[in-house]
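Quick heads-up: structures coming right below.
Two complexes are shown next, each including subunit A; its partner changes from subunit B in the first to subunit C in the second.
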Partner chain A sequence: MLANFRLTMTWIHTWFGLVLGYVLMACFFFGSLAVFDREIDRWAIPDTRFAPQPMPSYDNMMRFMFEDMLPHPSDMAATANRVKGALPAPEAMPMQTLYAFTTHRDPVLRVGAEFGIPNEPLNGSDEHEHVHGWGTLDPRSGKLLAEGSLRIGSEWFYPLHYNLNLHWGLVGYFLVGLAGFIMMVALVTGVIMHRKIFREFFTFRPAKKTQRSTLDLHNMTGVIALPFHFFFAFTGVLIFAASIFYPVSGFYLTKLHDHHEAIESQRTGLPLKPAGIAAPLASVDAMMEEAKRIWAARDMAGEVGYLRVEHLGDRNSYVSIYRAGSDRVIYEGTGIHFNGSTGAVILEDPPASTVGNISSYLMSLHLQHFEHWPLRWLYVLGGLLGCVCIATGFIFFVEKRKRRHAEYNNYGCRVVDALAVTAVTGMVIAAVAMLVANRLLPVDIADKGQWEVRVFWGAWGLALVHAALRSGPVANARINPAWKEQCLVLAALAVAAPVLNGWTTGDHLIQTLFVEPFWPVAGLDLCLLGCAAVSLWAARKLSLADQSELRVKPTLEGVDYGRG
Partner chain B sequence: MNPVSKPIPSSMSGKPEQRSGRSTAGAIAAVLLRVVLAVLGCYVFSWFFAAAGLAALCLAGVDFHDAEKTMMMLAPLVYLGMFLWAFADRSLARVCILIVVGSIILAWVARALENLQLG
Partner chain C sequence: MVLIMDKMIWLALALCAAVFGMVWLSLSLNNHWKQVFAGQGTPHQRRLRTFGWGALLCSALFCVLADNLSMAALVWIMLLPLSAVLVSSTLTWRPHWLKILCPPFMHARP
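For the complex of A and B:
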């Protein structure tokens, strides 16, 4: 497109990187937080600060909880808009499917069910003929946790990194998917642009001009973690490829898909449809024991991670029991499927094919269900290096152009810089403000989680407004003071959060580190304090840099920048 | 020397090259068309590439899920290669024709191979 190949690649890198970099910042940062999502949940919901538990008894505990479970009001409302006629009363809907899910890091379980409805869908191609119910089970009491509290880690930060928590069709997924794709593009074009890839491993000149040292840091963080960045962008796209980005079998080759599904159903013996004849469920505990015995016999002893019952209450019901993926990279489940009414094994999942193994190895490395704490921390480090790489990309863009833009009265740099402030310090402020709000809001307030979400977006919005209002100096080729000011706000918030945690729950650092060690909470408190220290250091560096820019200002005099 | 007045070569400014005989508006339109072709056109191309590949692998006797997983791993990489080529190729007309015609052919091949297996 441009004069030569390398300039074209540079153009792609600059402009696509700039536009989608803001989305990528959120993906990398909240993806890094998602590595410890369960631990953040423990911090945010003090009632669940206890050790992870294995899958509890179905016959003696979960059965009674499922008997009381009803369709969720929010899904009732959503379904009512999709079907003809009025829905039956929630109590009258038969439960058809149920599930329970836990991991080696979960003290509480996710449970849920699907309830059948007689209504016809408005859209003929809509095959979704049920309403969902869900909850969080405390396996100590067998009771569901109170509604309204938000698991900030696994229900807010984690989905934010793959759909931005935008619930407007699939827009969030596609934005993140495009951003992930552009990350791959930026890495390939970045390597083509620079060529001296080996030298950039070792090049960082912090004492040079901001523009030079920013570019060094951009290249260094990009190159050091290049395989990590490419891998996570690629596998992130891969995880949603079949369901969202390339739903070929669901939307185009549907007949071929249904044909193979029918063949497979015959081969596996797992009934696709209920028989219409009522039958009770045999002991699920016995099935879980049998599944564990079969895994042990296959030399892969393990705990139950996921339990699912299909066609509940029907003669065709079957129970699928999957392994927790704590001890190996591939999270394949190795399901054992039982006839629900007789309790006999219908099917043992065969070992995966080569292609299946490659594909799930790639995705499992991203999803990280296995237990490996040092690697977990390396993931955080890699994610944060990605953030540094993207953020320095923004700063380099601004540094390279701000003098020229100042001369021509061009607002481009001001806008990019203000958005960069919002995407860097603003984003961290939003996350930490949410944690502070979590500790300040009264425990018994209805929809407490919704208020935390409002604080999150509110803080982020304020950071944007602040960065834009304070962006004047960028028009004079100087640093936006919002960088420093937001660093100071962040430091204050990041100290306030652990202090409030200690004050409201009694789990201060002395308690969680020494008296009764509880790493999920202690770890987050320490990270917050570390974040405060880095923010203060950054604020101090920014003050020094601004002063030194003021000292060289005489050389810039004589040009009217049109202050604005 | 005043650093502000330093001239910046146009090739470094990130603005698309303006060819002689073409208006600025035309150049911008050409860049926009290329962006649309690269982002959407190449995506559609890789989508039908996945479909055609899935149908072809099934016909060759590969298990349906294995075929699907293979194509899911290849499709984003095909998108990546096509995307970079859509910018690198000097001829916008060629990019346009190859993406549009290629997508139609792949969609047709996928459907034809599907019918072959079901018929």
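For the complex of A and C:
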């Protein structure tokens, strides 16, 4: 143990914060982007630039689309490796389950289905063998969108903030879960270390030495948005625990899980298994109307967000209809379940218990299914304040030590600084480069999304190499020129993206702001231009700071080690 | 009247109230008072703090008028960092602007 309690807290804050800060930086930045994931999707897939649509008619539209839907070739291949014998032809597989999902921000729907197969699984513990099919439905035409494009917002930035898109077991999820826990630790230890939490609540003194002004900014952004930081770390960990960490019963205690499933089915009256007797599906549109009527009667009028049909074509089929998130924080599906062949209501989900409500309030405030644009922007502000807090944490770490390290030929600062450049400017460069690639790659290229992903990781990797190669001056207690250079690259990319968007799609800012306002695209374009302006300003400040450091030759005595 | 008024107007009022609250609270701290008015320190610390917290409470009230309670709680908690950042940046770069937002009875010498 260290000499006293405060020093111990400082040690924990410094070292755990440093190691997991890099992960946290990605969580906060991509989490902030995820607030507007659907809007980024619109930017990235120009075919879907139209207003959000309610759930379309099943009887007149979705039914025909589902009749044409086939198992997805990629899941056919994956399933073929897990079962005995050859799979039947995709056309011969019966569709057993189908779903459609939308939100108040989605013009296109996600749809999918499960197809039954007669094959035995290779591994006996594999259950419910199905082949899946999926797609994105354009409700204007009733047709599926062409495949190959990546929804950059909801399929890349959004998962990046909770699993780093690291698909090696559950490593990504666990790293982020641990980082979220460390975030809470860092907040508590940070408050303990901070001596003037109220007196310096509003204080930022850019004119002071870099070390002092960085610490000012670190403290200010941390303390001012403390409730946001804490609640997002806490609810993030809660979601991780609820969805990844605790649901072991489904994986390891399968017998208990199956038994529970059977009892649950008896209680709810929703059949677990098909009866084996064919029966047609009644009007799903009528069921959706009835569900909306029931919600309105329960004083929670709303639109349909999620539709699911189980045991399709069987007498035991049932249709579950869930409400879309809108007017309240809590994402209450309040499912209404119908008998598929008669159309009669089997079950209405009861109101949640108090405990259930508290837990879903905490998770829903993080997951944001509600409709409240100002609050979304405030969340982005909170997330960016978190990024500033973490980034200034790295810079303070380096500033505090770089002269001492230069004195003793210690390379620690150089490494931390190069990684900080990668985690701050490098990360934003990767994200913006991906958007630029999205507009530059030909539309009809196969696997366009895969190429965008390669550009993303490639740009980030290059940023790391660049930051490491240019880190020499840090060993002499000076600023890494990579900071400035990457700011300039970022500014260029962030101007290129909106320009390319206007050029390739015709949706330039004059069009999206005045002629035919379309905020999802205009908003992202404006944010990119704002990002370019901030990076240019930062680059200018950095060259001024570097020049002044050159003029005043630093000495060890002159350094204020400050209050860590 | 309450029903007719648009939700956005209540939210704008909530933001204004939160900014005023943060301005007065910041001026109750001697170091920021000196930045804005020069001199020794704040003569009306008590008054500034009371009004500051009062304005933050008003802001919460406006949030409740704009949205249902569960949403209003989130909006209010997120308006605090926004208004604090606005006030903090003003104190850093344009401290004299805050003179306008501080009525004389809060800064006149007793």
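The working rule: the second predicted complex is superposed on the first by the 515 of 564 C-alpha atoms of A that agree within 3 Å, B and C clash if a C-alpha of one lies under 4 Å from a C-alpha of the other, contacts with A are read in each partner's own complex, and residues count from 1 in each chain.
To be clear about the criterion, a contact is a pair of C-beta atoms (placed from the backbone, for glycine too) under 8 Å apart; a residue touches a chain by one contact, two chains touch by 3 or more.
Note that the coordinates shown come from a computational prediction; the quantities given were computed from them, not determined experimentally.
Colleague: Is A:L365 touching anything from subunit B or subunit C once the two structures are fitted on A? First, second, both or neither.
Modeller: second
Colleague: Have a look at where A:V329 lands relative to subunit B and subunit C in the superposition and call it first, second, both or neither.
Modeller: Only subunit C is touched by A:V329; subunit B is not.
Colleague: Give the label of whichever partner, subunit B or subunit C, reaches more residues of subunit A.
Modeller: B
Colleague: Given the touch rule stated above, what does A:L270 touch, subunit B (first), subunit C (second), both, or neither?
Modeller: neither
Colleague: Once the shared chain is lined up, is A:L238 touching subunit B (first), subunit C (second), both, or neither of them?
Modeller: Only subunit B; A:L238 stays clear of subunit C.
Colleague: Return first, second, both or neither, reflecting whether A:P374 touches subunit B, subunit C, both chains, or no partner chain.
Modeller: The second partner, subunit C, only.
Colleague: Should A:M76 be classified as contacting the first partner (subunit B), the second (subunit C), both, or neither?
Modeller: Neither: A:M76 stays clear of subunit B and subunit C.
Colleague: For A:I12, using the defined touch cut-off, is the partner it touches subunit B, subunit C, both, or neither? Pick first, second, both or neither.
Modeller: A:I12 contacts subunit B only, not subunit C.
Colleague: Over in the complex, which subunit A residues touch subunit C? Could you list them?
Modeller: It is residues 198-199, 201-206, 220, 224-225, 227-228, 231, 327-330, 361, 365, 370, 372, 374-375, 378-379, 381-382, 385 of subunit A that touch subunit C.
Colleague: Quick one: which bits of subunit C touch subunit A in the complex? Just the residue numbers, please.
Modeller: So the residues of subunit C touching subunit A come out as 8, 11, 22, 26, 29, 31-32, 67-68, 70-71, 74-75, 77-82, 84-85, 87-89, 91-92.
Colleague: Mind pulling up the subunit A residues that touch subunit B in the complex?
Modeller: Contacts found on subunit A: 1-3, 5, 7-12, 14-15, 178, 181, 184-185, 188-189, 234, 237-238, 241-242, 245-246, 248-249, 252-253, 255-257, 259-260, 264, 353, 355-356, 358-359, 362, 403-404, 406-407, 477, 555-556, 558-559.
Colleague: Residue numbers of subunit B touching subunit A in their complex, please.
Modeller: 2-5, 8, 11, 14, 16-17, 31, 34, 39, 46-48, 50-51, 54-55, 58, 63-66, 68-73, 75-76, 79-80, 83-84, 87-88, 90, 107, 110-111, 114, 117-118
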